[in-house]
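These notes concern the structure reproduced below.
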Amino acid sequence: MELYLYIALFSPLVGSMFAALYGAKPRTKIAGVVPSALLITSLIASTILLAHILSTGEIVHVEMMTWMATGNLYIPFGFIVDQVSVTMMMVVTLVSSVVHVYAIGYMDHDKGFNRFFSWLSAFVFSMLILVMSDNFAGLFIGWEGVGLCSWGLIGFWYHKESATWAANEAFIMNRIADLGMLIGIFLVYWNTGTLQYEGAFAAMQNLDTEILTWMGIFLFIGAMGKSAQFPLHTWLADAMEGPTPVSALIHAATMVTAGVYLVVRSNELYALIPDVGVFIASLGAFVAMFAASMALVNRDIKRVIAYSTLSQLGYMFVAAGLGAYWVALFHLMAHAFFKALLFLGAGNVMHAMDSELDPFKMGGLGKTMKASMVMMTLASVALAGIFPLAGFFSKDIIIEAAFVEHHFIIYTVLLLTAGLTAFYSFRIIALIFHGEERYKLFGFHPHEAYKFMLVAMSPLLILAVIAGSLKMTYFEMVTAVLPATEYHLHSVTTYWIMTIGTQIFVILAILYAYKKYANSSIKVPDGTSKMEKSFVYKLLINQYYIPYSYEQYLIRPYRELSTIFWKQIDMKIVDASVDGIAGIIYGTGEKTRAMQSGNLSTMLKWMVLGLVILLSLAVVFGLAARHFDEIKVILSGLGV
Amino acid sequence: MFEAIAFYLFAFLTTLMFFITVTTSQALYALTALAAGMIFISAFFFILGADFLGAVQIVVYSGAVMALYAFGMMFFDSTREVKEKQGNKLIVSGLSILAAILVVLIFAAPMVTDNIVALYPVIEGAGNTQQVGMVLFTKYLVPFEVAAVMLLVAMIAGIVLAGKKMDLSITLMNDAEIKDMKKDQNKKVLS
Amino acid sequence: MLEPINISLESLNLMTLSPMLIPVIGALLIIIIDIIKGGLDKTLYVALSLLFLFMDFNALLASATTFAEDGTIMGVFDMMLIDGIAILGQLIIVGASMLFIPLALTHKRFHEFSYPEFFALFLFMLAGFQFMVATDSLILIFVGLETASLALYTLIAMHNRDKSFEAAVKYFTMGALAAGFYSFGSMVFYALTGSVEINQIASVLAANGYADMGYVLVATAFMLGALGFKVSLVPFHTWAPDVYEGASASMAGFMSIVPKIAVFVVAMRIFEFLIHSGVVWLEIVLYIVVVVTMTMANIWALVQTDVKRMLAYSSISHAGFVMAAILIGTTQSNSALFLYWVLFSFTNLGAFSMLWISRQKHLPDHQRSDHSYDKFAGMIKTAPVGAVIMGLFMLSLAGLPPFALFWGKLYIISSAVTGGYTILALIMALNSAIAGYYYFKLIVYMFMKEPVIGTDGHMYVSNATLALKSIIGFAAVGTIFAIIVLDPVLEFITAFVYNSGY
Amino acid sequence: MEIGLNHYLVLSTILFSIGLVGVMRRKNLLLLFFATEILLNSVNIAFAAISHYYGDLTGQMFAFFVIAIAASEVAVGLGLLIVWHKRHNNIDLDSMSTMKG
Amino acid sequence: MLDHILSILIFFPALAAVLGFMIDKNSIRAYGVSVAAIEFVLSLFLWFSFDSSISGMQFMEQIPLIPSFGINYILGVDGISLFIVILAAFFTMIGIASLTDTKNVKNMIITLLFLQMTMAGVFVALDAIVFYIFWELSLVPMLYIIGAWGGPLRIYASVKFFLYTFAGSLVMLVGMLFMAYFYYQATGQWSFAILDWYRLILPETFQLWLFVAFFIGFAIKVPMFPFHTWLPYAHGQAPTIGSVILAAILLKMGTYAFIRFSLPLFPDASVYFMFPIAIISIIMIVYTAMIAYAQEDVKQVVAYSSVSHMGVIILGTFALNVEGITGSIFLMIAHGVVSGALFLLVGVIYERRHTKMMSEFGGLAHVMPRYATIFGLMLMASVGMPLTINFVGEFLSLLGFYQQSHILTLLAGIAIVVGAIYMLAAYKKMFFGELTNEKNKNLPDVSKRELVALIPLSILTIVLGIYPTPILKPINNSVESIVQLMHDKSITEEAKTRIPNLAASKGIEITRTSMKEAH
């Protein structure tokens, strides 16, 4: 099995390096095909591992080599394939395989085709390291690796200012969180003496709650960055500057869920500190609502989907925070499938519309892009959580869990968010595929994507539809390592009322969205309508003014402070004082050199003056001799 | 009593003479005052029983040194009034008076002279010159000889510096000029 | 009546006079040769002088051997005192002179070397310095000092140009004042103790328990003024830059070494016993003077535009540095003084010789003084070897390891540390840093600036002959490889200093 | 009243100070040299006095050598003045300030 | 050969430099490269023969210089110094190899070879005075390199560099003399041998003063805030090769000296000053990183980034535990490689455009993709991306210090954020965006000669990031012995608790020599 592990892990790396070889060369198909094939290999290897685990329940654990070893610290490159990581591996390899194949078509005309695949495969490799590592340090490697690849891919079109800005923003914001993570890792090391999950979690059972709380908080800060939780969420929406396959893979399906994965992976830690769990859940619920609200009005389909991702991540954290780790992981998986599908569908639309992102400028595309429409609609249905698609099974169980755990506020928020989710998902579906063909006004000539791209998307479609049916198999598998809490309401009636109620609420939201946006009266908003002038709309469209305030109150002061540090403090104080000392010495020389006037008479006077000074010192000393003892004390200080 | 009168008298006279020496604007006055002062000093020597020293003082100073200075003065034509731009007189007098006061302040205290043993005691009955001779040619033989060397040095120095050869500076001449000069010298020798 | 005095010749120890007599005889011989046959070439006199210096050196080595075996020797009615520091002082005096004399063999002709008297006076001067260090008597010190000084004034003036006359007159006049200080100081000591011999003074004062502290201080103040003038301590230093500038570069180099070591030996004799007897005033005053000398001289050196003047100020600073050794007053520090001065001789004489071989007779328009910094601009391009050697001397003067002077500095600072003068050690260290600036200024000019238009490399060696080059080479080798011989030298010096009771 | 050693020392000091005044204020080199003679002579008085009061000849010896030194200095000093005078036709020390700084 | 390999390492380049004067201008480059290559091979041979299981000094040599004053020529190498020596040889080699056409190339190469001598000397000297000799001597070639081949302000920069460090090291010299004096007082013998000093236990007050004296010398060299201002000038004016060697090797002298002198000699003072120094380090890290962000000149960005990284190294050093010190030593090597490479990269563009202003660039990734890639790699290494060489050091340093203080580590950890900010900003300004400047449109990509230097560095960056063990292990062993020594020597309670006792926890046997108490 170790062989499969290595195949699964390293084929993306090989693919990446292969593509990198063509990095500076002109676009060539092979640079896309080979990595894709290697990824599929990785997928197959992962599947074999999954089968192995499903059948035997054995955990595959290898230690490749030592990475760092000094003092008591010992960090190997160790990989573990257990029920949790194999789930993640499946998600990652599957989605990325799909995205790779899709991207061969999507990036067809791009100059940086080869580079793109290199980055993309590198990302998969990092992600696999992240999920497969058996220690925190390895996790951190992957953690930073995905951050790096994300930077490279968001800024893929580096000639665009907005893209490079977004890339840097994503990277730096993640770094802030990584600092928390790093501190968390340090805490783990100094308190447990190891960074291996096994040893560390075992040792944690005996630690103070206070230390554990700090550990939990710092590790979660790391998770907040990667998973774009408030207040580190702004980068995710901006990250949509990257090519759409990237958004699908990284910013929807995999990387952003790393935070959830971390919490799930550390479930033994968080189980010991339920208070932090509640905080995580509350934050998750808040973000779910908060992101959904911004998605309501946004006029960029990718951003809407990004906010939706954010919102769903909130759901996952609610689950994880409440101790329903398997639920979180399950939603993660299901979400990966339908959200990737949604993004790829959006990619098709963009492709068709020459990268136009404003859904108000589309409309009626369903006629030319049937397949895409079907896929996106199904994905949205799944997202909205309509039975029997994947979202229903994963999302509703989170809402239930909140209810069961008696966190009614969270429950309420999640429920409302479910409605909002349905609304905004279908708002864009309606705007894009239905209603008037507004795009004609702008001279677009939409066309359906390549067949093979659609074929490539189909596995996701299938999974988005049927993932729910895998729930029980999945549950049995992961509960081998995760707490197997079942969230069942005590009363069956309540369960049915709640489930059906939720469904009806969601469906109503969908219908309302259709009613509002699928009709022919929709115009491209020009800022004149009453709604657009409302405070709430402005607040939402400006993302609660958070990016603005970051720019205004963090970035700009930082820049200004930097300049002040440089020009005022470093040059004018620190450096100037050094030069000042030199200047004083030199200036003393310039001023006193007049003493050497060259006139003999003056020279003689200096000599006599010297003598007189010596004599007066002699007299002074004669007087001072009476107070000899006191003076001696002072002098001893001088080293005399 | 006689000693006291003599002391004060000559003290006054020397001080006056030297004062004139350093303050007068007439070089000739200064020279004369200096010479007079020197002679008055020799009086102290006689009072103090240092006859040999007194004689030397008169011979060397009033004889040799003053003659030299007088010669120098004629050479430099310094008899005319010397214009001396004075800087700050306050500094000059201030410094000197301060120096005097400081030293006098200390000298006013009597010395502890218990442990002093005369190494070369004055012997009653022998003439001062004789005694000086004895010490000079035993203990101070080496300094005496070195003083002789010093005088030789001074002589050579005087001759060299005042000599004609200093009129032309080889240091400032380039090679061609030096050659010409050599030729001239040879010519002179030949002719 | 006076008794006739019977003295055996052996008790006079006339051998103690031999090192001083050799140069005197040499000088007389030179004069006699000149009288018999005039117009002889300077090479003859250089060779003769060197010969006598070698003999002198040998005589000193013989004295050193005797000293090593029997300890201090007194001679000629106890007037001569041949102890360790006297021998060390003389060795440095004669050694440095041997390096100096060949500098007369320049390619260009200069006025002073056309005189046989130059060499005679030079040898007389050496004899004067040698007498000065090899005695305990203030009288002989005075006479020796004046002999040497009068000769030195003349030697400076004999360069025969306006600046050298000016230098000589300034030096002479101030020297006369210093002589007044010296005699006054001696007088007070004499008044206090009835003796003019230093050890006698010391013992009488000790017996009195320094009861007349006021008198002692006055005497010390005057002595400090007189000796401070000779070793150029601030504020008695004002002659130094002018005299160095006015004298020829070789003479300036000589002056920075030989007269000073002679005076240092005297200062050591006079001041050490005072410091050890707890004359705190002297300690404080020396502390101040040393610090001021080091620092101010360095600061003035910073602003100079002429290399020779810069070196003059730097010599003042080095003198202050070495004076610190006397202040510290331990065996280690006194040994450090000699070690420092040996190493300094090599380096400084080397540096001045480098100036000497680049001496022009007439200055080009753009050059304002004999050895302005501009003159050396871009020297690495036109005369690379010269530039490297000059740079070497500068590095050594700045105290950069492993060049000669670093070891001297190291040892002196170490002695300060050992002697408990922590602050002084720090001040000395920081002064070395300030000094670094002006030494490096020259290096910057030589290595980093573009040459002034129209200069070719020949200018830098225009005065060079084989003799000068050998001297410079010798100094350079000594500067670089000092470390090799350092251990025996240090042991030799320490043994001599220690056995002399310092 | 008895004239003691201190009287002579004080006198010597006063004369020395007068010498200092001369050294500092004279601008004519020849006259300046006069002042240096005063310095040395003032010390000589003290030496002779000490010698007298202590009954010791060393002081007279010192004075004797001081006289010798003074005489030599005159020779060299005048030599230097002559060279300077030949070149510049003055012996004013204010004219000697080409080197400074 | 092995007996004297260290002497050979030191004096071979010097000898070669002297011989270099004879060589014709046109052949000097080949000569320089071959000499440096031989030196590098020798240093590799040293590594090969190095027994990494021994924690103490190896290849010791001892020749008396001034035995009566305790100065001996003692050399030796342990895990701490071994790799810096190799790195120095390596950088000299690639430095000369990648030297683009400069005027006076002969002088340059000879100077570099002299510099190589001093660099090797500093790291293998085991006598304080010998150490000091090389320490000071290293300034001269650097002064010349900056002053003769530098930019318009070169003289100011070089003199400032020289005087600043010179002044600092003189204070250090006084400290050394004191140390020797204390040794003399304790034992009656002069000695400047560091290993002898290690045996001396000083009272705490003495330790504090001496620590400060040494600190001034080292801190200026590192350079630590607020003594850092010479560095931007030196880097800004120096030619590429000068910056490379300055950043890669010369700065490491200071941090190396902290580990070689300050820690084992003054364990109590080290503990006493741990927090003040940590605060200075944090200021260095954050403050200079912010200044780097404000720069307009890309070389200054890299220069200030060096200061920032040195802060992390110092922090790791003063973690006073094995993890931290090992990390800081590794980071020295890492920073050497990375900053050296970055300066080389800046040199590449300067060579082409004769400007380092970032506003002149923009969109370079279009025309110079290979350049952009390598720059990107080094950038990521510089910001401490895992699996690059820097991360290992940074991680260990911070990890180590975390044991001492949580909050300070958190503050110091800001390094990874602010580092990313200025580096990414600079990268963005240079490489991203449209290619607007006409002059940049036809820039050639990196040439083969430049790749000769850059490729090995890139490989090193990644390989050592993935597999640091061969370097970490010898370092670790030597560091363990130093930490144990510190623990044993420390006298205050606080120091005993702050410095881990490895003998107790791991059973490490350190050969215990009798320690002497100074009075």
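Chains: A, B, C, D and E, in written order; residue numbering restarts at 1 for each.
The rule is short, and it goes like this: contacts are C-beta pairs under 8 Å (C-beta built on N, C-alpha and C of every residue); 3 or more make two chains touch, one makes a residue touch a chain.
Just so it is clear, the structure is predicted and the values come from calculations on it, not from any experiment.
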| said: Once the contact rule is applied, which chains count as partners of both chain B and chain D? | reply: A, C
| note | Taking each chain's centre as the mean of its CA atoms, the one lying farthest from the centre of chain D is chain A
| task | Among all other chains, pick the one whose mean CA position is farthest from the mean CA position of chain B. | result | A
| remark: Of all chains shown, the one whose Cα mean is least distant from the combined Cα mean is E
| Winner on C-beta contact pairs when A-B is weighed against B-C | B-C
| message | Measuring centre to centre with CA averages, how many angstrom lie between chain A and chain E? | response | 35
| said: Suppose each chain is reduced to the average of its Cα coordinates; what separation in Å results between chain D and chain E? | reply: 65
| request: Using mean C-alpha positions as chain centres, tell me how far chain A is from chain D in Å, no decimals. | output: 94
| task | Return the distance between the CA-based centres of chain B and chain E, expressed in whole Å. | result | 68
| note | Multi-partner residues in chain B (2 or more other chains touched) are 91-92, 95-96, 99, 102-103, 105-107, 111, 113, 116, 118-119, 131, 139-140, 143, 147, 150, 153-154, 157, 159-161, 166
| remark: chain C residues touching 2+ other chains are 139, 143, 146, 150, 153-154, 157, 169-170, 173, 177, 191, 194-195, 214, 217-218, 241-242, 303, 422, 437
| request: Pull out every residue in chain D that's touching 2 or more other chains. | output: 5, 9, 16, 19-20, 23-27, 33, 42, 54, 56, 58, 61, 65, 68-69, 72-73, 76, 79-81, 83, 93-94, 96, 98-101
| remark: Each pair of chains that touches is included here, namely A-B, A-C, A-D, A-E, B-C, B-D, C-D, C-E
| query | Which chain D residues qualify as touching chain A in the complex? | reply | 20, 23-27, 93-94, 96-101
| field | Of all residues in chain B, those that touch chain D in their complex | value | 3-4, 7, 11, 14-15, 18-19, 21-23, 27, 30-31, 34, 37-38, 41, 44-45, 48-50, 52-53, 56-57, 60-61, 64-65, 68-69, 71-73, 75-76, 78, 82, 84-86, 89, 91-93, 95-97, 99-100, 103-104, 107-108, 110-111, 113, 116, 118-122, 128, 131-132, 135-136, 139-140, 143, 147, 150-151, 153-155, 157-162, 166-167
| message | Give the list of chain E residues in touch with chain C in this complex. | response | 64-69, 107, 129, 132-133, 136-137, 139-140, 143-144, 147-148, 154-155, 158-159, 162-163, 166-167, 170-171, 173-174, 177-178, 180-181, 184
| Mind pulling up the chain A residues that touch chain E in the complex? | 23-24, 65-73, 137, 140-141, 144-145, 148, 151, 155, 158-159, 161, 164-165, 167-168, 171-172, 175-176, 178-179, 182-183, 185-187, 189-190, 558-559, 561-563, 565-567, 569-570, 574-575, 578, 582
| query | What does chain A use to touch chain C in their complex? | reply | 582, 585-586, 588-590, 592-593, 595-596, 598, 600, 602-604, 606-611, 613-615, 617-619, 621-622, 625, 628, 632, 635, 638-640
